[in-house]
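The structure under discussion appears below in the form of structure tokens.
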Amino acid sequence: MTFAIEFNNVSRHFGEVRAVDDVSFTVRDGEFFTLLGPSGSGKTTCLRMIAGFEQPTAGRIVLYGRDVTTLPAYDREVNTVFQDYALFPHMTVGDNIGYGLMVRKVPKPERERQVAEMLKLVRLPGMERRKPSQLSGGQRQRVALARALINHPKVLLLDEPLGALDLKLRQQMQVELKAIQHEVGITFIFVTHDQEEALTMSDRIAVFDMGQIVQIGAPSDLYERPRTRFVAGFVGTSNILSGETAVTITGSAQPFSVRPEKIRLVDVATAVPAAHCAIEGQVQDVVYVGMHTRYTVALPSGEEMIVVQQNMDVTPQNGTAVRGKAVRLVWPRAANNVLEEAIG
Amino acid sequence: MELTTPKPSIFRRISTALHNHPGLFLLLLLALPLGWMLLVYIGSLIGLLIQSFFYLDGFTGQVVRQFTLRTYGDLFTRPHMEIFGRTVAMAASVTVGAALMAFPLAYYTVRYTSRRLRAILYLLILLPLWSSYIIRVYSWKLILAKEGIVSWFVGQLGLTAVLDWVLRLPVIGGPSLSISSLGLFLVFLYIWLPYMILPIMASLERVSKSLGEASGDLGARPSTTFRYVTLPLAFPGVVAGSIFTFSLTLGDYIIPSVIGDSSPFIGMTVYSYQGTSGNIPLAAAFTVLPITIMAIYLLVARRLGAFEAL
Amino acid sequence: MRVKSNVNRSPLGLTVTAVAVLIFLHFPFFIVMLYAFTTDETTFTFPPPGLTTRWFGVAMNRADLWPALFLSLKVAIIATAVALVLGTLAAAAVYRSRFFGREAISFLLVLPIALPGIVTGIALRSMMGLTNIPFSFWTIVIGHATFCVVVVYNNAIARFRRTGRSQLEASADLGADGFQTFRYVVLPNLATALVAGGMLAFALSFDEVIVTTFTAGQQSTLPIWIFSQLTRPRDRPVTNVVAFLVVTITAVPILLAHYMTQDARES
């Protein structure tokens, strides 16, 4: 099977700085693949190397079986949606979208037909004559998308394309992007630092930290079985327990993580069911967030644990959890996720 | 979805070749401008330096192309040093005068104007800078003439006696304003003033307004704020401006040959040595002095952070 | 009136000083304008004894004026063209890549106008002496082009920096090679900056006199013609008229250049 993209030991060093350090991964054909990480983690540099804006200092990049490592950007069958959209301000929307066809010398009538079709796909029909400056942020986003898709790239690269939009519009565009991907059926490589966005949209996610990939997996893998402390903390919220506390709970000092929503808050008098873990603590803080309530519980060791409880009853505060009260935290043993790190 | 790729055009192949050899591309871009500047300009400066080590044979009037320090011996004589001192003194006073005049206008423009007015003032400051230099010099011949507007205006105010008294003063005086060092100073000041205003404006624009507000908030009176916050931050701009006013005054020979009492300045001397007497070696040696001064000046200015304000 | 309220009132003394400096910068132009119409033939009497337009006719008939004007125009056009090419190339190189000595390039370009004019002049003159190149139209052009490059360079590099790098990347990403990107994206963005830089270079060349006197030999450009009128006065009224014309005509490209870069700054 040919992969859409293969990274073979790719590095990109700027002097002493290792922006990308010996990264290898593969992307399957038709996949929605997300590069997730904090800023400066190397995810954008990886995307730019696929696009051809930057050259790796070591390693190979293969696109559908063809080594493109040193190929100029204009000879690669990939297109990019830029973070700032990078629409040409001196051209109309129509000319922007038709740009790729124009430089390939596609005749004008054919170009116009395809531009109109693309505008329909991104739900901006009849906007050809507008200037980019006359569009809203969401509209520019769609034009940028149409401009990339009209060239029928084998892979579409999206560099934090939703970062500049407000929350409502972002959520709407997330749904639309998925729909468009389904319609055109090509591979999408998506860069974001927003873990929630990554979880909702991706088939698979590669988590970047300090120039390296720390874990690749489906959203549920990453969420339920984060391999490292970094992933556990970056993708969603985790309670990470180690040392004495871990020994108290599991009998072993091996660090593990457990998600706040897996834990129940109960009265100290309540018995611990079989195959469950438990620890006692004191409620430090209660924050009502609407859908759920978040509790901060101080353990005897001084550490804190976060517990999230769905507000299923009409009155959310069940009386056990008021500030200062001693409580017992209970969760199924199966919810413990052992982290890959040395005991210490 | 496979795009049929036609045989790449010649342009595309060149483009790809340049993509694969970024160093070559850079070299191609730089070859012309760098070659020109190095060959024409730096080459000429070096040529100038070489010439200053030749000498003029007084009998034949021919330049002898032989290494010698004779020309420098001729340079360091008393009359030449007087010319030199006079020029540097003038350049220094013009620089100080320009800084004193430029600062209020720059400060007013940056701090106390609306956007619209600021744009207009900016244009009004730029316009003289780009206007014809020779005409601007000429205008002062009209202004400073004995029968001209300044004399007339002073007369209207009944201050003719004061003007006469000023003109009788040694060093700065003369038969009329147009034929005095004071007049010459005024014209230099007028011509190079915009070169001082613009860098000061640029550096003041970089001093954020909130810095002044922070200082006021901490209890400083406006004069204290100006003294301890605004002035130090604007200082690189003054130094940057002084590079121009000083250097331009140092090297000008048109203004002192049109205005003033025809006491020689560096520029005029250089011009007459290379022109009428054909003594290019001495003219060359003469310019080594302002170049040295400017080199030192630039080094000091760089240390004072003036280059960011340019 | 929201804008107004953001602007503090200036102290009276400062306002007066600022206005006085502005007047100092501009009243000489009005004097030049006025004297073009004076009936006074031999002195610079103020106020003018009477006003007339007859000197314009006299100036038009001065035979030596026209060749000087045409020489200046020709020199300025060619020098501007050379400066446009060299300045744009240098700006593109400096913008495109980080290389050792980037700052040195800017420094090298600004040197001909930062060093005293007499130095540039005598240096070129001595080079011509060393290499036995005779004075010609081209010796003037070479001198002018050398100090005009920096004007074009400054305008071009400022515009390059405002044009986001991502636009160039987007163009390449969409399949345009270097030449196509230059033609369809860089040039349209750069155009007004180049026109503005070109006009300023033209203005600079058109009235340069210090360097020119060293490279012109016996040829007379318009500023040299005016200069010789100043040192060896002949037909004062004609000088006045020429001064008037030069001031009004050179104001046009300067204003145009200003507005062209202003628009780009605001959009």
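Every chain is named by a letter (A, B and C) in the order it is written, and numbering of its residues begins at 1.
Keep in mind that, in the parts below, a residue touches a chain if its C-beta (ideal position, glycine included) is under 8 Å from a C-beta of that chain, and two chains touch if they have at least 3 such contacts.
Here the structure is a predicted model, which is why all the values come from computation and not from measurement.
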{"item": "Chain contact topology (line, ring, star, complete or other)", "value": "complete"}
{"item": "Label of the chain whose CA centroid is most distant from the centroid of subunit B", "value": "A"}
{"item": "Interchain centroid distance [CA atoms averaged], subunit A/subunit C, Å", "value": "54"}
{"item": "Centre distance in Å when subunit B and subunit C are each reduced to the mean of their C-alpha atoms", "value": "15"}
{"item": "Shared interface positions of subunit B, touching two or more other chains", "value": "12, 15-16, 19"}
{"item": "Subunit C residues counted as touching two or more neighbouring chains", "value": "177, 180"}
{"item": "Multi-partner residues of subunit A (at least 2 other chains)", "value": "72, 74, 104, 151"}
{"item": "Subunit B residues touching subunit A - in the complex, by the definition given at the top", "value": "1, 3, 12, 15-16, 19-20"}
{"item": "Of all residues in subunit B, those that touch subunit C in their complex", "value": "11-12, 14-16, 18-19, 22, 25-26, 29-30, 32-34, 36-38, 40-45, 47-48, 50-51, 63, 101-102, 104-105, 107-109, 111-115, 119, 121, 123-128, 130-143, 145, 147-149, 151-152, 190, 193-194, 243-244, 247-248, 250-254, 257-258, 266-267, 270-271, 274, 280, 283-284, 287, 290-291, 294, 298, 310"}
{"item": "Residues on subunit C engaged by subunit A in the complex (per definition of touch)", "value": "164, 166-167, 169-177, 180, 184-185, 188-189, 267"}
{"item": "Residues on subunit A engaged by subunit B in the complex (per definition of touch)", "value": "70, 72, 74-75, 77, 104, 151-152, 154, 186"}
{"item": "Subunit C-touching residues of subunit A, taken from the complex the two chains share", "value": "51-53, 72-74, 78-80, 82-84, 86-90, 99-100, 102-104, 133, 147-148, 151"}
